[in-house]
Amino acid sequence: MNNPQIFDILQQFKQGSLTLTQATEALSVDAVQELGHATVDTERESRTGQPETIFGEGKTDVQIISIVQVLIDNGQTALVTRIDQNKGTALIKSFPGGEWNELGRTFLLSPPPINRQGEIALICAGTSDLYVAEECNSTLRAMGHQATRITDVGVAGLHRLLGRIDEIRQHKVIICIAGMEGALATVLAGLVSVPIIGVPTSVGYGCHMNGLTPLLGMLNSCAPGVVVCNIDNGYGAAIAALRFCNLLPLETT
Amino acid sequence: MNNPQIFDILQQFKQGSLTLTQATEALSVDAVQELGHATVDTERESRTGQPETIFGEGKTDVQIISIVQVLIDNGQTALVTRIDQNKGTALIKSFPGGEWNELGRTFLLSPPPINRQGEIALICAGTSDLYVAEECNSTLRAMGHQATRITDVGVAGLHRLLGRIDEIRQHKVIICIAGMEGALATVLAGLVSVPIIGVPTSVGYGCHMNGLTPLLGMLNSCAPGVVVCNIDNGYGAAIAALRFCNLLPLETT
Amino acid sequence: MNNPQIFDILQQFKQGSLTLTQATEALSVDAVQELGHATVDTERESRTGQPETIFGEGKTDVQIISIVQVLIDNGQTALVTRIDQNKGTALIKSFPGGEWNELGRTFLLSPPPINRQGEIALICAGTSDLYVAEECNSTLRAMGHQATRITDVGVAGLHRLLGRIDEIRQHKVIICIAGMEGALATVLAGLVSVPIIGVPTSVGYGCHMNGLTPLLGMLNSCAPGVVVCNIDNGYGAAIAALRFCNLLPLETT
Amino acid sequence: MNNPQIFDILQQFKQGSLTLTQATEALSVDAVQELGHATVDTERESRTGQPETIFGEGKTDVQIISIVQVLIDNGQTALVTRIDQNKGTALIKSFPGGEWNELGRTFLLSPPPINRQGEIALICAGTSDLYVAEECNSTLRAMGHQATRITDVGVAGLHRLLGRIDEIRQHKVIICIAGMEGALATVLAGLVSVPIIGVPTSVGYGCHMNGLTPLLGMLNSCAPGVVVCNIDNGYGAAIAALRFCNLLPLETT
Amino acid sequence: MNNPQIFDILQQFKQGSLTLTQATEALSVDAVQELGHATVDTERESRTGQPETIFGEGKTDVQIISIVQVLIDNGQTALVTRIDQNKGTALIKSFPGGEWNELGRTFLLSPPPINRQGEIALICAGTSDLYVAEECNSTLRAMGHQATRITDVGVAGLHRLLGRIDEIRQHKVIICIAGMEGALATVLAGLVSVPIIGVPTSVGYGCHMNGLTPLLGMLNSCAPGVVVCNIDNGYGAAIAALRFCNLLPLETT
Amino acid sequence: MNNPQIFDILQQFKQGSLTLTQATEALSVDAVQELGHATVDTERESRTGQPETIFGEGKTDVQIISIVQVLIDNGQTALVTRIDQNKGTALIKSFPGGEWNELGRTFLLSPPPINRQGEIALICAGTSDLYVAEECNSTLRAMGHQATRITDVGVAGLHRLLGRIDEIRQHKVIICIAGMEGALATVLAGLVSVPIIGVPTSVGYGCHMNGLTPLLGMLNSCAPGVVVCNIDNGYGAAIAALRFCNLLPLETT
Amino acid sequence: MNNPQIFDILQQFKQGSLTLTQATEALSVDAVQELGHATVDTERESRTGQPETIFGEGKTDVQIISIVQVLIDNGQTALVTRIDQNKGTALIKSFPGGEWNELGRTFLLSPPPINRQGEIALICAGTSDLYVAEECNSTLRAMGHQATRITDVGVAGLHRLLGRIDEIRQHKVIICIAGMEGALATVLAGLVSVPIIGVPTSVGYGCHMNGLTPLLGMLNSCAPGVVVCNIDNGYGAAIAALRFCNLLPLETT
Amino acid sequence: MNNPQIFDILQQFKQGSLTLTQATEALSVDAVQELGHATVDTERESRTGQPETIFGEGKTDVQIISIVQVLIDNGQTALVTRIDQNKGTALIKSFPGGEWNELGRTFLLSPPPINRQGEIALICAGTSDLYVAEECNSTLRAMGHQATRITDVGVAGLHRLLGRIDEIRQHKVIICIAGMEGALATVLAGLVSVPIIGVPTSVGYGCHMNGLTPLLGMLNSCAPGVVVCNIDNGYGAAIAALRFCNLLPLETT
């Protein structure tokens, strides 16, 4: 609650349209709905620009479904991430109108219409990294964005990337998804001037250490201005991209 | 070199204004100046939006000074980072018109005029983290930006942060600089909707492990959309912020 | 055995009520019961204030059941932790009067009556962290304590926490359970003056490293006086809280 | 600010003793004093029970001295930690009435009178760990507590510890400071029933890894209920002990 | 594309055998075939000396089979690595003429005739390391090489190695595959003068950390000139050996 | 082969009882038997005092059985370690006279008669650590030793250990097996003067990191002279104990 | 104190030669001398076979000198380890009869006469590892042992080691000191049957990580029965060797 | 010593030109020269193709100088690596004819004439990595090779690298030296078919962890066949390159 809101409540109180108890209560915080196991933040969208997303890992089917129901009942989009085969099946059964993305491990219900496209490029080093791109894409879609996807342009075959660099340059934000050593982020950051959000993936083996190698690689990129999300965090990269894109003026074509 | 440029060279060659040898040469890459020890990238600014910056660590005074000279000779801004007391003294002696920031370990010569301000907020958890904010600020200044600085608002005393949250919300990008456990990034990301770039610092001790703790903390933030730079990397955070801000329309006040 | 006890045995010996052999034996240590595979410490409760608890991992059903039997036979409460589905089933079959907490992976038999409540608050960042809260709660219950549970108040939505802070402040000890980056512990420690015991959880992924991130975060908290238990160690946090609470005078309401 | 305070301001406003502007301002947060480089939290003591302490590392002499001055001017105790030889000398010169503890790297000015003693035992495994005990002791002293110090009772010579165990048992909280493998915390926790706060130290070499070994050892103690602070964090252990002791009734001897 | 190629296209353009559009297109990069999920690099063989290999992990059966088909359709050898039982079965069903190596987890179709043998020695410390040797061998076979395999000559029984050292010395490149502490690489490197490529394996337990121990051991070898691949990376070692061997003159016996 | 052996061969050669070819061959190394997949070291017993042991992990049933057969055919004891349920079943089927220890994951065939007992004490901190003690015991048994086993004497209940310390002191070598923080090794080493071999176990969770915590703890023990084996390495500890005990004179009772 | 001692005190008490107070006191533990900063364990030698050694790091000159004085006053040998140039100078000034080993960083005063030699071999991989051998040797000397030293026999030049293997085999215990990858321990353990104590050193660079590489290497040795001490811990290796050797019968030559 | 040598000695012995003692001695190993502190391997050159190099760290001036003298006396080249300012000064004073490379920390005396050039390319990502290139170059020079050096072609400015790729392709072996994230190795390996030896450098900061980041990056390169040396190990990379080049036929220009 910010000062204008405090100001407003105080004036209503002085004018008598709010009692002392009402004013006290209004000045305390109340934007949550209690489910016992969860406190659903039904005002997050208005506060931070994104609706609350449900992290599916460690929650039971029943818990997830009840939270989805609260969001839908409040007229919001429901996005669930990190759901396995069983949870996906349970969700699609409860909400047949939803979209379950098996590779991306997401479930999406009541997304808004697409109102922005061509702003965000999802660039993927290899076919094995696609599961992260899918999570990212579902999240963007849940917020009304349609991203461009460019796959299998890893730097071991540099011409694959260079052949599409002009297309890439037409976007406002680039999400670069790469496993192994993650060098794609560095090469991209040297070729374009727009924001680059690196998402290291757990694709690799041995001393790759489940993604620590490309995470460290991207954080130490010799090309400046690469920012990085957690390993396999397609969801977080999407939200970061949206934090930026939502500040851009809507282009009218 | 992109297709329009190739196209252009080809046409000049067909029309005879370029010979075969000239065209071949023009189609090869030539935007560098060789110093023996260094290959100065004098076209990086036009290509990526930022001039080349000199990483001072591991370079001798003489090497740094010669690179600065090339950049100045090419009409560019010169920014040197990570310089110790000795290198700072040598640089200010060679280029008395420059600004040496001792705390931030930077040297800045011929910055452009300030053409953007109030877009970027530098938020610092504690006084001990200021050296990173200084590096960040010098870099922004080298690109014509004037950032707002807000210091010592760590979440151990939450009211300090809440007391300035409205001011913070008026910016387009937030750079959050914090050591210890780095929780400031999470709390900020839950309170504002604009991009948050986290910069963990090496301020701490024991199992802080020179900044790995806040780095991991920011990467695993429960507030979505936090993106992260390397430990103490004020320079990289500045460049990332600029990659964002340069896409925003200039506000005319 | 402390000096008053030695003194006492010596006097009995001098007075002849103990023979030389009896006195020697009495002065040696004998508060254990041998099961072959285990040496059950049947005097731990009187010595340290807590009965011995059975760590279920790596023990067979038969071993666990035989230790439970010894404790029950000695009139003690039996608490088993870290038991999977199979062990839980076996225990409930052998001791139908017990309580098996599947989420918390605990089994509890013959707990004492509740003699203290409202002293300990179990505060949980998210729904996914509940399994640790359950283990913690079962342990407290095994010692006669009834804790207050407050769930899903993670700092990404700060108002959820602030909305309940007055309630939290009425407790004597706070156990803060959080995964991801664990920032909840820091924010709480800045808002209350009572002891805060942090329990990092393994909820997270990527560079979370199964809980190392919130563990390090809590250990490096910028809010002073946070003490920390091992990852997912709800049991240890409960015992630590009891070590504190048992020194407090019983409030008579 | 809690509800009673909001309630109070609202009533003053309704009664006219506060104008609208004054009430709005009063309802915003103002318990800080701005120094430019630092935002001194002059209400922390009333809020969390401890005055703000100055972490000396990474701050200049001038910064530290100005913060000390603000605290003193507000009638508070000033405690500075982690100060090297140079800062200690500068502080003692500016504030000749202060106590500079060279081994503990602390500076203490205007401590309150001792109002509690014999509640906290500082138990130190070896002579090399004393620097941490000193920091801990200075912090306790800054809050009016006088701790009992027991040194060089490491478990390699178990009789040294057993010989003093009765004395140890007479305290309410035990702070156990140990380097090497930190086994002292486990042995103590098996012998006493009061709270044990473990402080691993960086005393050791090789794969000790500057204290990670005893840190991990204490966190994985087979004796339940050990809680742990960061490596070398005597200050944090003291604050944790105070969070507890301040809840205990004052004993009148 | 190198200068002679640019030169050639330019001349064709000037002479009119290429139009402006054709020349522009020819000067852009086009050596890939798009499959949607993958961009198959059908010119890698001519560019780097090895055909593209399919990393089977994280790809579906259908994706792998479609890429194999593209390679076969382009007249290339198809090698798939890191395939489990299910993928192996699916591949052998689709391409009955292929060779599925279950231990080495590889699938090989249409290898070239053997044109080089006796150049590369695959030396394996123990029977448990054979799965890496198999992957390595399949890769060499896919490139027309026949390696010599020497197994179970770990240095715990030094005479086993010394008994075969003359045979080993007759090769041009040695690939040394070892788990545990990986000391075989050091001992070999002290006994022969040809290139030694070390491949640490994940064979071991405890603080072996899945191969980090022999990886670090080989990288720190006291015998100079050992070069190292990732843990279990038999494929990479084979390619590295081929990069060497393909420069050697073909011996005509 | 040592000098006396060389001397002997040379004399036979000079006297004509060995031809030049025979002498050359005899001077080369030949104490192995080739199985294709394995080079069985049939002389290890005479060379190092212990027969070759088969590490079962990563070997197939068929490979293990064939190596066992070679050892038996050469009149040696066969010991297989790290075998799972399936391999154990296969071995007991092939060699019904063998002993399969399911908890210890070992298989033992044709052990020698017991010729030494009461020299080695196997001391185990908790019931959960017994699997390591079993592996250790099987190995000792394979070499003709009978160890004393003392279980569940962890230092959280110090009296359990002290109650048996006199019994422990009667042994020549102590193998101390402990998980969690492994403090038992330190306490033991302060109480006895004979060799202490520490075996950290993987019993624990969270930041225990599968045994790294007690491994580091034992390596950094404040009680001097503790030597350490790999995590869970009961086999290695047994061999180390044997290396020592075999030097002791046989006691004749 | 063991049962015979308890028995003895009890009888004296019954017979009146000890009063009740005296007996109580005698049954409590008193083998220490308090220095304020240190509790000197003057009975450790009789209890564990080795006199207390002073770990010099983190202690002041004055503290070290006072402990040395107590030991000397009690007729014991004084050994100080890990002393730098300054402490060495201070010690030699206070105790001119002592031996200060600058490379080994030890100080030795009043060692016993040599009563055992030729039992322990100190084998050092390279000249750079000698500082650890010196610490080890001083410790052995402080206990009356004379070790054999064999230097620079690292396995990169295997013949250097093999050339001295017969000499090595004549010892009862081998201490193997090696940095880099530490492979010497494995090769030695395959060639001799006596106990091998590995001491990894911090000699190396890069991913050697100050000795972690040879530490891990030795712990994972493929040659069984290698036991390991902490990095650079020549002192601990010596004590471990003595724990062994002191059980061996004295050889009379 | 190999079979032909054994054969030869045996024949001389049979023919009487060697006595029994002489033959025994000849069959034992003798290619070392003892200095007390060091065992100089004067036959390493003939055995492995490279003379012994002196690792200067941890050796005193006197030790280094005496080893250099032995090598020179045996007609060999002397190369010392890792020498600081003081040792460099001492060496140049003792051997004024030597070359001391201050940046590369090497000292070289009596190198052979250059007999190979243009075979090895030293490619360096940035000016800050030059110290490693210098060590590498000195080592190559000590073996008679003249490498081509190409500096400051890091992939942040891809055109710098592409502009020199034809020149690079003319070499037989490429040594790629890079800090930060080390992506240069991957990009190079995708562009050339010859061997690539990666040398990660410690140039970087924060989570670079002194070179672990590029080390891991190169080991996990998505471009196959990159082999890797230890961090900053220019010496090892040179030896590896020589192991290969020495097998190539000498080109006669």
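A few notes on this one:
A, B, C, D, E, F, G and H label the chains in the order they appear, each numbered from 1.
One rule holds in what follows: a contact is a pair of C-beta atoms (placed from the backbone, for glycine too) under 8 Å apart; a residue touches a chain by one contact, two chains touch by 3 or more.
None of these values were measured; they are calculated from a predicted model.
Number of steps on the shortest path from chain A to chain E, with steps defined by chain touch: 1.
Separation between the centroids of chain B and chain G, computed from CA atoms only, is 54 Å. Centre to centre, using the average C-alpha position, chain B and chain E are separated by 41 Å.
Centre-to-centre, using mean CA coordinates, chain E is 49 Å away from chain G. A separation of 25 Å divides the Cα centre of chain C from that of chain D.
Shared interface positions of chain B, i.e. residues touching 2 or more other chains, are given as 3, 28, 126, 156-157, 189-191, 206-208, 212, 215, 219-220, 224, 230.
Interfaces, counted as pairs of touching chains, are A-B, A-C, A-D, A-E, A-H, B-C, B-D, B-E, B-H, C-D, C-F, C-G, D-F, D-G, E-F, E-G, E-H, F-G, F-H, G-H.
Of all residues in chain E, only 3, 6-7, 10-11, 13-14, 20, 23-24, 27-28 touch chain B in the complex they form. The touching residues of chain G, when paired with chain E in their complex, are 125-126, 154-158, 179-183, 186-187, 189-191, 204, 206-209, 212-214, 216-224. By the touch rule above, chain H contacts chain E in their complex via residues 2-3, 47-50, 53, 165-166, 169, 172, 189-197, 215, 219-220, 224-230, 235-237, 239-240, 242-244, 246-249. Considering their complex, residues 28-32, 36-39, 41, 44, 52, 55, 57-59, 63, 82, 200, 202, 210-212, 215, 230-233 of chain A touch chain C.
Across the interface of their complex, chain A is touched by residues 126-131, 151-153, 156-157, 159-160, 162-163, 203, 205-208 of chain C.
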